[in-house]
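Got a structure for you, written out below as structure tokens; questions coming shortly.
Chain nomenclature is as follows: A, B and C, assigned in order of appearance, with residue numbering initiated at 1 for each chain independently.
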Amino acid sequence: MLSLVLRRLGSVLLVMLVVAGMSFLIFNYLGDPVNNILGVNATLDERDALRRTLGLDQPTWVQFWRFLERAVVGDFGISYRNRLPVLELILSRLPATLELVFCATVLALGLGIPIGVYCALRPRGAVSRVLQIVALVGISIPQFLIGMLLILILSVELRWLSAFGRGEVVQIGWWSTGLLTESGRQALIMPVITLAVFQISMIMRLVQGEMQEVMRADFIKFARARGLSDRSVHLRHALRNSLLPVVTVVGMQIGSLIAFAIVCEAVFQWPGLGLLILQAIEYADFPVMAAYLAFVGFGFAMINLTVDMIYLFIDPRMRRA
Amino acid sequence: MPAAVVSVRDVGRSFDVSAPLVQRLVTRAPRRSVRAVDGVSFEIEEGTTFAIVGESGCGKSTLTRLVAGLDTPSEGEVTLLGRLGRGPRLQMVFQDPVGSLNPRWRIGRSIAEPMPERLSGAARQARVAELLQTVGLAADDAAKFPHEFSGGQRQRIAIARALAAEADLLLLDEPTSALDVSVQAQVLNLLKDLQDRLGLTYLFISHNLAVVRFMADRLAIMYLGRIVEEGPAGRLFDAPAHPYTRKLLETVPDVDNPRRARETEGFEVPSPLDLPGGCTFHPRCPLAGDRCRNERPVLRDRPNGTRVACHAVTD
Amino acid sequence: MTRPVSLLRRGLDSDLVWQFRQAPAAVLAAAVLLVMVVCAVAAPLIAPHTPFDPGSLNLMDSRLPPAWVEGGNPSYLLGTDEQGRDVLSTIFYGMRISLAVGVAAVLLSVTIGVTLGLVAGWFGGWIDALIMRMGDVQLSFPTIMIAFFIDGVAKAVMPPDLHQATRFYVVILAIGVADWVQFARTVRAATLIEKNKDYAAAARLSGVSSLRILFTHVLPNTMGPVIILATLGLGVAILTEAILSFLGLGMPPTQPSLGALIRVGNDLLLSGEWWISMFPGLALVLLVLSVNIFGDWLRHALNPRLK
């Protein structure tokens, strides 16, 4: 068990190292580190001074180490475009993306698991058949098309919702939230649905498949033979045992939600990290690209580690390994 | 005196079976290794059959792979001694008749694979047909796929492939143990016949003493990676010296004396990971004394021309 | 030796074809796919207009709705975009580019993955460890993220006109590099099995070179799963290209794939011109869905364990 945990930590460390290396390459070699840190408007004297203190004449690994030291405290220099510290930019955009991803995950789990259970218990019913076809379509339609369809129907035709932005937000410390205002909550509706459709369909299909598999297992027959109620058999035994693969997939999916949030943010002009990176690419804003890569890499590594640990925790078989 | 084709000198092979590095660091387990083959020496004379006998796991398959050059020894060396300036060509016939032929290839292609590049297509086809007839199959079988043949026929095909390489030395790794008894005899007869006609040299691996008695000129008995007794097959069968050899021979059914008392084995073979000290056979040996527990016996010549590694016998 | 006629007959009699006839969804998907591929390949011959010839465009005909909607023009069945290009024709040409990028990207993934998988499985040791660790690191990120980053960095680094000229290849490279791991893993596993087969040992004893054993014995025996993965990967690659193009990173509006067409249409969505984005979108969904259904069927048909 301990060696398993250590091995996982080792692979997380490796991922972080590779991501840091890539980020360093972008920061130091694609961009000009002096520009990265001072911004493009610095004087010649300032530049020379910084070039010396940065030790750009030093060997690569020394520079890499200094980059790591700065990255750990969140110092990724200054954005070429906005002339603001990159960390400040990222922190100002982070809440919008996290709120979007969080709401989409809650919606996906809240709808996906019950629908999956329902379809597993009544696989031949008319309702489940319709739901299954909807799910098949749900995993086949690209996200941006779903978003555009929603805009077409709810904004253009029915004029119910605004197609762009976050609405009014409330500032709590450095965190800005749209959950506390009416327009903020309305603005969340379409992006969250867009982001969640794929996950709902996926989780639903997964839960259904796993649960039908588990229901055929011997221990379910024994549970029935012991005279347990249907409800208890379904929920306490069957569902619990089918959730294991769901945990893994949901973990992986949160990772890809961050990736797909870029698309979603582009469709709805949602002012989050995704829009930030798209603009950074457009303007060759290397400090922002480097920082985004490091942030997202760290996020993925942490998600993977958490999923592994949860797995270890709920599957007793893994603990002995 | 006929020349030796293969010379094996003090050959050993260890495998690293340590746990992964991280786990070793955590549990502070040491590195571990298994000595699958340990200090083995022998020579095979041209045109003869040298048989190696032992229980499964005694290292005879590893030894075969070392002789074949599919694996390199950790210590000692294997020398192939050729005649007329070229090294002997060596081929193997494997135990499993299913895995030894590529299932996607017509057998003609498999047989022709080891033939020299310079041969033309027509010459190859002719040679394949000839070889198929040599091993008792029909020439037009060349166009068939392996699954269309029985196990015994596939071993014949494997033999034909070995002959196509113009091999002088064939390593036969339990070539008949997967076959029915009646088919076994046919394949063994074929091998004997080919040896007489072509002057082939065989290294024959088996756990079946009846088969070995039929095939072998010389015989070596292996136990846990070491040769414990070696000599001309006839003398070894007539007068086995090592207690392990005797035990092996006792387990062979005797047609003349079916009611002979046969000791039932009540002992596990020790794990190669944790070999007993001294003579590795001492926990199973009826003659074991103090010396056997502490000192490892070496192979010594006996007056009748065999060699044996046993304190109880050579003293 | 091989007579085409008898080969064809044998092919039609095979188990695979029989299974295919038993699966109506797969037949339908294959039919839709075939029609779309024909439309894409023959676009210059069958498209009703030549949308990328500026001389033939008439701004008077721009933003026309589909023919059956009021104000539509029967010569533009699915309407026109803001430059007066016929939407149906741009879809034909767009599918051509989407398919070309998708197929090329998958071929690149297969080439990288199969090569690395063979090397890792055959040689083992540190080179195997290195390749598989690389794969592990890459697998902890979604494919789309990796493709996005390669494409994004390429766009940020290259001067605009160079980027414009090389976009087609950059997209292929980004998607191809992002998706090699699954092929490498599959091929490595198969190689490990094949290289320990007795027939591989026999070939080695006959002096057949490693390279030749790899290509004659090992590679052909790993191809089944690779074909299945490649078919399923094609759907993912087409979709990834569409996403990149939609984000402005993939194909440009002057050489549009389906995703780039949707991006152009997206800007006109709010003014109510839905046909400019929705028809290319429909084509994209049909294309990806039929590839996926066909790939899924192929996986079930070729892998008896899944039945």
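Here is the rule we go by: a residue touches a chain if its C-beta (ideal position, glycine included) is under 8 Å from a C-beta of that chain, and two chains touch if they have at least 3 such contacts.
Quantities reported herein were computed from a predicted structural model and do not represent experimental measurements.
Enquirer: If you check the contacts of chain A and chain B, which chains show up for both?
Expert: Touches both chain A and chain B: C.
Enquirer: Measuring between Cα centroids, which chain is at the maximum distance from chain A?
Expert: B
Enquirer: Name whichever of B-C and A-C has more C-beta pairs touching across its two chains.
Expert: Result: the pair with more contacts is A-C.
Enquirer: Which chain has the mean of its C-alpha atoms lying nearest to the mean of all protein C-alpha atoms shown?
Expert: Chain C is the most central one.
Enquirer: From the mean C-alpha coordinate of chain A to that of chain B, what's the distance rounded to whole Å?
Expert: Averaging C-alpha atoms per chain gives centres 59 Å apart.
Enquirer: Taking the mean of the CA coordinates per chain, how far is chain A from chain C in Å?
Expert: Distance between chain centres: 25 Å.
Enquirer: Calculate how many whole Å lie between the centre of chain B and the centre of chain C, each centre taken as the average of the chain's C-alpha atoms.
Expert: Those two chain centres are 52 Å apart.
Enquirer: What residues on chain B touch chain C, complex-wise?
Expert: 68-70, 90-92, 94, 96, 99-102, 104, 110, 113-114, 158, 161, 165
Enquirer: Within the complex, which stretch of chain C touches chain A?
Expert: Those in contact with chain A are residues 133, 136-137, 140-142, 144-145, 148-149, 152-153, 155-157, 239, 242-243, 246-249, 262, 266, 269-270, 272, 274, 277-278, 281, 284-285, 288-289, 292.
Enquirer: Please give the residue numbers of chain C that touch chain B in the complex, ascending.
Expert: 197-199, 201-208, 217, 220-221
Enquirer: How about chain A: which of its residues touch chain C in the complex?
Expert: Those residues of chain A that touch chain C are 11, 14-15, 18, 26, 30, 140-145, 148-149, 151-152, 155-156, 163, 252, 255-256, 258-260, 262-263, 266-267, 277-278, 280-282, 284-286, 289, 293, 296-297, 300-301, 304.
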